[in-house]
Amino acid sequence: MRRGAAWLVLLLTGCNSYQNALGGDGAEGANFVQLFTVFMVVCTVMYLIVAAALVFALWRRRRTALVLDDRTHHQTSRVVRPALAAWTALIGTGLVVLTIASFFTDRTNAAQGSKPQIKITVTANQWWWDVQYRLPDVSRNVRTANEIHLPVGIPVKVTLKSNDVIHSFWIPNLAGKQDLIPGRQTDAQLLPRKVGLYRGQCAEFCGVQHAQMALDVMVESKEDFLRWYAGQLKPATAPANSLQLAGYRYFTTRECSTCHNIGGTPASGQVAPDLTHFASRRSIAAGTLPMARGNVYGWVADPQSQKPGNRMPTVGLSANDLHALVAYLETLK
Amino acid sequence: MNAAERAKLPPAKVARDGPRLTGAKLEERLAVTWSNPPGFIGWLSSVDHKDIGRRYVITALAFLALAGALAIVMRLQLSKPDNDLIGAARYNEIFTMHGTTMMFLFAVPVMQGMQIYLTPLMLGTRANAFPRLNAFSYWTYLAGGLLLWIAFVLNIAPDIGWFAYPPLSGPQYGVGKRADIWAQMVTFTEIAALAGAVSLTATILKQRAPGMSLGRMPIFVWATLVTSLMVIFSMPSVALASGMLLSDRLVGTHFYNPAEQGDALLWQHLFWFFGHPEVYIIFLPATGFVSEIVATFSRRTIVFYPIVVMALVATGILAFGLWVHHMFATGLPRIGYSFYTAASMAVSIPTGLQIFCWIATLWEGRPRLQVPLLYVIGFIFTFVIGGLTGVMIAAVPLDLQLHDTYFIVAHFHYVLIGGAVFPLLGAITYWFPKATGRLMSERLGKISFWMIFLGFQLAFFPMHIAGINGMPRRVYTYPAGMGLELPNLLSSIGSVVVAGAVLLFVVNLIMSARAGRVSPSNPWDAPSLEWAATCPPAKYNFPHIPIVDSRTPLWDAGEKMAVVHGLRVNDRELLLTTVVSATPDMREPSAEPSLWPFIGTLALTVMFVCSIFSPWAVVFGIVPVAVALFAWFWPKSLNPEREPVIS
Amino acid sequence: MTEPRTLAPSFIEDVSTLPTHAFSYRSLTWWGIMAFMVIEGAAFAMAIAAYFFLMAQEQQWAPGPWEPPGLIAGTAFTLVMLTSEIPNTMIKKAAEAYDVPAVRKLLPVMVAIGLLLLVIRGFEFNSLHVLWYESAYGSIIWALLFLHTTHIVTDWGDTVVLWWLMRTPHGEDPRRLVDTDENALYWRFVWLAWLPIYILIYWLPRVFR
Amino acid sequence: MSLRFRSSIAALALVLVLVGCDREQRQTRGKPLAETIPASASPDTVFPGDANLPKADPRAAAYEGNAAAISEGQRLYNWMNCSGCHFHGGGGMGVALMDDKWRYGGRIDQIVATIVEGRPNGMPSFRGRLTGQQVWQLAAYVRTLSGQERKDAVSARADEVSNTPPQTQTKREPLNPADSAEQ
């Protein structure tokens, strides 16, 4: 009773659409919703049976004598034995049904990734995601960070790797999670069914900033996806005014380029997120902040106050350098 | 006369010319024989299972309070999105401390403490087997707990989560000595648990009252036997795993280094091979409490005793075949998962049968709704939810979504608090008069029961929803607008209610211990042997060892209690019986109080703490440990006294 | 709440004629020793499982540049261990026959054998042809050997103290003969546990090369 | 209870205070010290074997023997591809860092100067490419390669192919005479 009411109230008031296991916006996610419903029904029935039996057992003799009857405390009435048989049969049947349902759902999930049309490698780092689209033609590979674009209705194979510790790749709306384990390679299959914006998040504790290791997932129509992909293939926008130029100079010659790469410029660091199309993304620092001028200022000026312990040092930029850098970064659409 | 000649004599001819004692005179002599040495040294030397058990329970409750306080801090941090009450690093330390303390320093030890206290009383014996080992078990546990909490105070607490997955806990990413402190704490507590389990197993197999065949043992004792065997089989696994982690961190071995063909998953296999049984090591004693309480408060024997016992044994065995269900997301071969899904679901059969037997017992009996039974009812209502969510996450497709989210956090709190802490609180209320001679206040007991029961639902039910709404576990903050605000706020409010209820329970404990109603020796009219002893029990437990001929000796005893006579009174002599049928077999002296177990623990502590810093500490540190152990085992001086006997 | 039933004792059985010591499973300490053997056996079993787990990570075993361990020291150790069962059995039999002088004579033999084994063990570590920090293979080989060495050391220490104890008047106490009996039992566990480890350390790296 | 409790606290506290708990303090923002490059340590003041050393830099204390700083340094050592030339301290194209020969001084501030300024025959300058804090962290790690740092602050190994003995076991190499004179 309390259980059901709580479910209702909380599900209705507390539902979000873009990071929700009951979203069911991908093939595996939808299978989850179905199987979860089956389990919920069976489990609720079982729970109600137990609760009713307990209440009835307590209520049955609540007013009878309070003195121990020495003669009867070993005897068992006739209904108990059949009840035990029925109960055992019920649990047994329930479990067999659930096991079979689970097994076939798992088989369906496994089969659905057999013919992927897009291959992506996602490499986890403390605490961001490196995303690389792999094509047979290597020159058309695209590298981005903390953001995945997917065309709707097309099966995708995601190869998962880790550069440091164990992480877990989880986009609840689309599919279940899969760990990224250093020294091992794991796979996830995604088949998005609905256009929309979803959010993924690291689900295995991976160190101090585990909480802020998110991933934006855009499921788009095929045309939108191809347009985005074409945009990503282009090198970075060249600086257009002197302020942007100053930012470009600072970026490519100073601390930034030691770690970051910007395609088409001398900045070629490989250990931090690729920033070639930085300004086109939805968020900064693996979902820590939404993409906005103020946030870019805050992040570049002092990343350690925004996401304490992350790997980007606070450089101590002068005001001029900061203005210039932000101006340049904002051009990287 | 040398040993060979003496042994060839028929035993009955051994000279006995002591006085035959009975009544008050006997009790006086026994009290002298079984008392501790005076003063603080005597306190440290105690090997009395009741002292050890009580210390275990009180220490574990203190750790519960500490870890509970950390839980409140975490709930405050999570009560609203983007909160900055405590920072990320501190939060990670706190959840690690909370989980580690609850699992290793509260749940397992508190159950073992209850078992150590109750088992010899339930079996009708005067002490447990290997009492010094038992004392050593407690000191080692205390040392492990202090190590962890002193580290926390000194700001070098572990921050790697309670299951410490490498590489995060390995040499490169587990910076400093934090992970080493965690791993050494595990070593301490696991030595303590193993020592306690060995003692309990031998006690149960060899020291039962005459006539208490295996089929007549109280169900709690069965649960204790199964649990102790599970400890014996599972703990070596985590000992090995944490030993390998320490050596990776200290001397650069490569067990968990993939670059040198080690494997991070090796840890997960070894850890969960221990970690899953550990859950049942916590849960099975709780089902033992439930069976005892249900029988007493329904005033009838448990319905289908053999089924309940078989269920305990089956759960104990199945528990070793489930560990992979903690690793469904690691990408192991999919086909193997089906086996673990089936095995995990199969565990619900013995548990379901136990629940049936309890409800059937209530149905057959005449339930008295006193506080211990209220906790049992709360347990069934709560635990079954946890059990059913457990069935859900046994299914691979469901687990891949729900694993490592707040759904799991909700699940294991339903199982561990609903399934183990509720029965524990009931059991404490139930056996409190046995330990103190006074009854706990029924009124305060009822208030705290309702607060904890309702507060618990408020705190943990919304976590299911938070998990489904995409909240991973172990996050120190979450963004607004994801549907997480309300569930988290409710959880935080609920956690404060639970904390208040636990506080009220402790107040009740303290007030009742001082000024509660004085208890008769069998206040609940219970059937098992511990209630044949006085409240609180004398140091020697029973003036005469009882003879048993049913599962409910006190209900069936009639006017007189059948007992044996002929045990020594000037020596701590125990009656050993045969393993299956419990026929009297031998008399053996039990160990005297000794300071050496305590000194042994001190030596061990020095060795373990120093071995965090240098491998040579193992080599040099073992010497004082060995000296302490040999002094501990050295027999007391030969006793030329004649043999006075009881009765 | 019923009144406490005061149960007066009714004396049914006299246990004063029961023995105060017995060998094997009748003894309480025997159960303790068995439990510890199970604990240590489980630890060995897990270490062996870890060995096979790590072995599965490699193409060949012993991997890479490492030669399999040299056979001489390990085989000598195994032979001495197997031989040690002769005096061990003699001690066990003597203890069960209450033959204290024989036990006093034989225990130093076991002490000497233990010492010899520890010396050979030193050479074994030297003949592994791999160091523990060189690869996971080296780590697990060293771990197995180290784990087993701790058992040799503890049982040797135990035997030394037992020898000392048996030379005192305590040796006349039949309960100490039970201790001797159980010490001999434990030694059987130590050498039985060694046999699979010997094969894992010295032979599998040759077979799967 | 109280005595036992107090004595264990005292014993443990002693051990832990001796190793220094601030040794694990994470400084994420390089405060409160100003993170600039030591002015005194420009190339013309440091000569091979020169006894004319400047005073030790006060910032050294915040990094030497600090587990968090050394760990960050270890990561940067790989990120900056130091191992490309120096390998894991054994040397190759670049000089060996595991031995006792320090051409430009083995004190932490001297190593900082070397990293910042670069040195002839191939060692590039990282001035402006790393923040001051990063350089100090890197230098703290470099010192562990020859066993200069306290063993309880270093990690035995990294999660990588290793052909050197564990760093917790590295023998402490003496610094060259000029430096030892200073100490």
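We call the chains A, B, C and D, going by the order they appear; numbering starts again at 1 in every chain.
Just so it is clear, contacts are C-beta pairs under 8 Å (C-beta built on N, C-alpha and C of every residue); 3 or more make two chains touch, one makes a residue touch a chain.
Just so it is clear, the model here is predicted, and its values are computed rather than measured.
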Contact-richer chain pair [B-D vs A-B]: A-B
Greatest separation from chain C - chain, by CA centre: A
Chain occupying the most central position, where position means C-alpha average: B
Whole-Å separation of chain centres (CA-atom averages), chain B against chain D: 46
Centroid spacing, where centroids are CA-atom means, of chain A and chain B in whole angstrom: 37
CA centroid of chain A to CA centroid of chain D, Å: 39
Inter-centroid spacing, chain D versus chain C (mean Cα positions, whole Å): 46
Residues of chain A whose C-beta touches two or more other chains: 68, 164, 182, 308-309
Residues within chain B bordering two or more other chains: 89, 167, 173, 251-252, 254, 257-260, 263, 525
Residues of chain D touching at least two other chains: 26, 156-157, 159, 162, 165-166
Those chain pairs that satisfy the touch definition: A-B, A-D, B-C, B-D, C-D
Residue numbers on chain B that touch chain D, as the complex places them: 40, 43-44, 89, 143, 146-147, 150-151, 154-156, 167, 170-173, 175-178, 248-252, 254, 257-260, 598, 605-606, 609-610, 613-614
In the complex, chain A residues that touch chain D: 164, 182, 253-255, 257-259, 271, 302, 304-305, 308-309, 311, 313-316
For the chain D and chain B complex, residues of the former touching the latter: 1, 3-5, 8-9, 11-13, 15-17, 19, 21, 23-26, 67-68, 71, 74, 151-153, 155-162, 165-169
Complex interface listing, chain C residues touching chain B: 1-5, 7-22, 25-29, 31-32, 35-36, 38-40, 42-43, 45-47, 49-50, 53-54, 57-58, 63, 97-100, 132-140, 142-143, 153, 157, 161, 165, 169-177
Chain B residues within the chain A interface of the complex: 87-89, 92, 159-161, 165, 167-168, 173, 258-259, 263-265, 299-301, 303-304, 307, 329-331, 334, 337-338, 341-342, 345-346, 348-349, 352-353, 355-356, 359-360, 362-369, 377, 380-381, 384-385, 388-389, 391-392, 394-405, 457, 461-462, 465, 467-470, 472-479, 481-487, 525, 552, 555
